[in-house]
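Next come two complexes, and both contain chain A; in the first it sits with chain B, in the second with chain C.
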Partner chain A sequence: MALVIKDITKVVRGVTHIKPTSLTLDTGHFNVLLGETGAGKTSLIKMMAGLDPIAAGQIEMDGTDVTKLTTQQRRISLVHQFFVNYPHMTVYDNIASPLRVARMAKSEIEDRVQEAADILKLSPMLKRRPHELSGGQQQRCALARAIAKDSQAVFLDEPLANLDYKLREELRELLPELFAGRGAVVVYATSEPEEALLLGGKTALMIDGRVAQYGPTADLYRAPDTLTAAQIFSNPPINHAPMSKQGNTLRMGNIAWDATGDAAGLRDGEYTVAIRPNHILPNASDTATVPLTGRIGVTELSGSESSAHFDFQGHGWVSLAHGTHPYQIGEDHTFYMDAAACLYFGPDGSRAA
Partner chain B sequence: MKTENQKAWFFVLPVLALVAFNALIPMMTVVNYSVQETFGNNQFFWEGLTWFEQILRSERFHAALGRQFLFTFLILIIEVPLGVAIALSMPRSGPWVSVCLVLMALPMLIPWNVVGAMWNIFALPDIGLLGYFLNHTLGIDYDMTQNPFAAWVTIITMDVWHWTSLVVLLAYAGLVSIPDAYYQAAKIDGASNWSVFRYIQLPKMKNVLTIAILLRFMDSFNIYTEPFVLTGGGPGNSTTLLSIDLVKIALGQFDLGPAAAMSLIYFAITLLVSWLFYTLMTKDDLN
Partner chain C sequence: MQKRSLVPIIYIIFLMLPIYWLVAMSFKTTNEILAGFSLFPQTFTLDAYRTIFTDPTWYWGYINSIIYVSLNTVISVSVALPAAYAFSRYRFLGDKQLFFWLLTNRMAPAAVFALPFFQLYSAVGIFDTHLAVALAHCLFNIPLAVWILEGFMGGVPKELDETAYVDGYSFPRFFMTIFIPTIKAGVGVAAFFCFMFSWVELLLAKTLTAVEAKPIAATMTKTASSAGYELGLLAAAGTLTIIPGAIVIYFVRNYIAKGFAMGRV
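Up next, the complex of A and B:
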């Protein structure tokens, strides 16, 4: 089972919303669509679901061309960011509705609804109506509806975005179990890099209506193709600044360090260096060796981590480190950068090393 | 210590006065007439329930009541499904929405007696556009001034023309309040158009349709001006609806007592049927 899209395009009133996009999405792992708001994640999902027309291209499910099929004819499920359940039906009827439409036998419907309700811990509230449920329960009901049905593809469009932190964690832990062994291609849209990393699988990085990079999620995180991709796949935002290489020396403003590893292969010239906040630490260590001094602006403490925003040669940079650190706002502080974790991008924004 | 604030009465007073003057006092006058006989000179004689008995046993009243129920039944079973069908086929967004809404609202903006006069002229067999066309072009024998069936077809058509819009507008308001997400969810579930209507659109329209049916029931049950101007209750008594008959008794024959008794019975029936409709249509919401 695979969902293959070939050069699909979306044009609205002469404006191209989705540039020709091709992807092969497999079952057995999450296929994450990661991108900022407006990058085209929802559009792409709607096109794959047949809800939005495609201007050109082809969609195949399990080797069959479904481009011309209506949404009703495709065997798919979709869970929205906001909770969509039929308001006048009970939870049971909501979960059963796609099965009833498919004219499934009554006993089979009952089994499937029970199974879905068990996994999603909805069994005690099958007789209630959606408005009598909490937000988390409503979304679980929508998820139950999506898994009760035999779908070839399940689309999850930021399903956790409207839930509070605790519920989000809880439901996210449930997700892998939900889809394990169902043989459906699971497509998960999110704007949060952490969520993509937590779900694993493969990620398609979307920028401005096209897939900028696609591959195993961890690889994408480690080796983004472009500076934009690195920026999208980083929270807090990735730090970057202009840099030049001459001989074996890398120079960023008045800071210089020796080129090692990948950077040693760079030709002399101008580059942009980018480094994630967790590779800039408040104290020197075996790996974090390059000192940078900047004036501390804002500091944040989030549980076990503390971050500091500082002005580094006119660039707003962030350091993210474990533990708490006694930063003095408005004072200069010397941070240490792990040079081995630096990414280098050429003038056109594509990665050089 | 007992504290009582009598100020509240002061605030209720305006409403009380308004209701008293436009409903209670006129109605009590009618009650007063309904139990007495008068021959002018402001002389009244106590009659008890005589007039009520007379009206309830009167075949003329039964016939008018029957016609009234038939009329209301016919316009409801035409206007409600038709109104819903039109609302369903109206665009939900784009520039045509306002065009459709204005077109729909137009008939309702025309004064009732003008509607009656318009349809009268429209349907006249020798000079009316519709009457002439039916008789002379299509060769159908149609004359609402002579033929009771033609008269009924005309008053029903007129009412449908005048008031279906109300159902359309209310149903449309119910429809546009349905978020796109429900339609998408239904599509993904594989639901047919009928299921979408039955399980999404109809439940969402239920409340507004209850209001539409109630309004159309009350309005059509009390209708006077349009059929009076159109047919004057004729030919014969064939389109004499309750209100037309009531005016004939009260102002034509000047039988104020029986007319008052009839008014109260008429009012009681309208109230009872409205209550029944409302109770039946909202009973699901209670549990």
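Up next, the complex of A and C:
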């Protein structure tokens, strides 16, 4: 089973919101739409769900063209970022409502609601109304409604964005189990790179209303096609600075190091080097060998990790390392960069090595 | 008693005094009312109420009023529901102007419309019917209901509509079984205000009726002029006129507070 979109486009009052986009989304793993706010994730989901009209293109579900079908005729589920439940119905009725609309037998409805409620730990509160539940429970109710139904595609539009940290972790762990073996195409929109990595599967990177890159999530993380893609798929933001190659030497301001690995194949010229914060460490190691000195600006400690923002030759760079480190704000500190983890981009922003 | 509760108590007494006076008067004989000042009825009598409940010209006044007020409430709310939905969910050419224009209908005094309505309804033959008054009152009640309902509907996220469509609900089914129950507080508030404004409106109701659909307020004014000083009877009629409003407001009191909080009432 697969959800195939071919060159779908959205135009609002003459302005193109979604540029022609084609994707083949498979079942059996999460399909993550990763992009910043306004990149078009929600628009794309609404188009696939039939809620927003598409200006051109075609949508196929399971080999059937559904472009002309209304939302009601498509066998889909949708969970919003906001906790959307029917406020006047109990949790049980909420989960059962799509099944009742589909005229399912009463005993079958009961079985399905129980099953969904068990997985999402809602069984003790089936008789309550949504406003009597906590935010996490309300979203679990919305998820239960989505899985109780036999859907060909399940769209999750940033379902965890409005939950606090702990609930988010809890629910995220549940998600893969929820959809395992259901045979539905799961589309998950998020603006957080960590979430995409945790959910695995495949990721489509969205930038300005188009899919910039699509592939297995780990590949996208390791080998982004463009500097923009690398920037979106990195939190804290990826560090970057202009660099030049001459002979076997890479030079970034007054820092120079030998070109090895992928970088050795680069032609001489001007490039942009990008490196993730977790490859810039406060101490030298076997891999982190290139020293760079910068003035410490802000430091942050988040549990087991500490990050330091420092001024490197006029660029705001970040180092992210395990453990706590005695940074002195306003003082110079020498960090060590893992040159093998550097990504190199040409002047047009596409990756050179 | 604490000192600071004194002010609200005085204020409430000040507000309740005329109503108390009306109720007390309705239990007095006309002679006693005219005789001078008395705080309680000296000779307690239910004569006034007996007259109202036995004389058809009196009790039909109430029945007529209740018929056209209910009719108007049903028409206003059922017409306003889809209109308010359109204003809250869709953007169309001139939507904001149209919405404002609806409200301006409330700004003209009813007297302006009395003559055209009278002539029009006489011409089409619905003069002196309950429908005539109910329709005339729609002029200011529909805009009011649209305004109130639009406020409540705006508070419901569009995602609810989308979720229902995804779940397979057709639009009419969604509207009736999900959307209206969701904004039932708003429906209650809108119905209450339609009821109230229609109940207290006198000029159009009086102009558009003669005998068959004569409202209670009209009955009261005519009795006052023809039968001389039947003050006890009038007071009893006035007391009974307050009751329907009091009953309705009891049912929607919590919703009204919600409506005030949303700034639409």
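Methods note: the second predicted complex is superposed on the first by the 353 of 353 C-alpha atoms of A that agree within 3 Å, B and C clash if a C-alpha of one lies under 4 Å from a C-alpha of the other, contacts with A are read in each partner's own complex, and residues count from 1 in each chain.
In the analysis below, a contact is a pair of C-beta atoms (placed from the backbone, for glycine too) under 8 Å apart; a residue touches a chain by one contact, two chains touch by 3 or more.
Since the structure is predicted, the reported quantities are computational estimates derived from the model, not experimental observations.
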item	value
Clash or fit, chain B versus chain C on superposed chain A	clash
Contacts of A:Thr287 with chain B and chain C, given as first, second, both or neither	neither
Touching partner for A:Thr260 - first (chain B), second (chain C), both, neither	neither
Touching partner for A:Ser22 - first (chain B), second (chain C), both, neither	neither
Touching partner for A:Pro98 - first (chain B), second (chain C), both, neither	both
Chain B/chain C common contact set on chain A	49, 51, 70-72, 76-78, 80, 82, 84, 86-88, 97-98, 101-102, 145, 149
Contact footprint of chain B on chain A as seen in their complex	49-51, 70-73, 76-78, 80, 82, 84, 86-89, 97-98, 101-102, 145, 149
Of all residues in chain B, those that touch chain A in their complex	179, 181-182, 184-185, 187-192, 195, 199-200, 203
Residues of chain C that touch chain A when the two form their complex	157, 159-160, 162-170, 173, 178, 181-182, 184
Partner chain C, residues of chain A touching it in the complex	46, 49, 51, 70-72, 76-78, 80, 82, 84, 86-88, 97-98, 101-102, 142, 145, 149
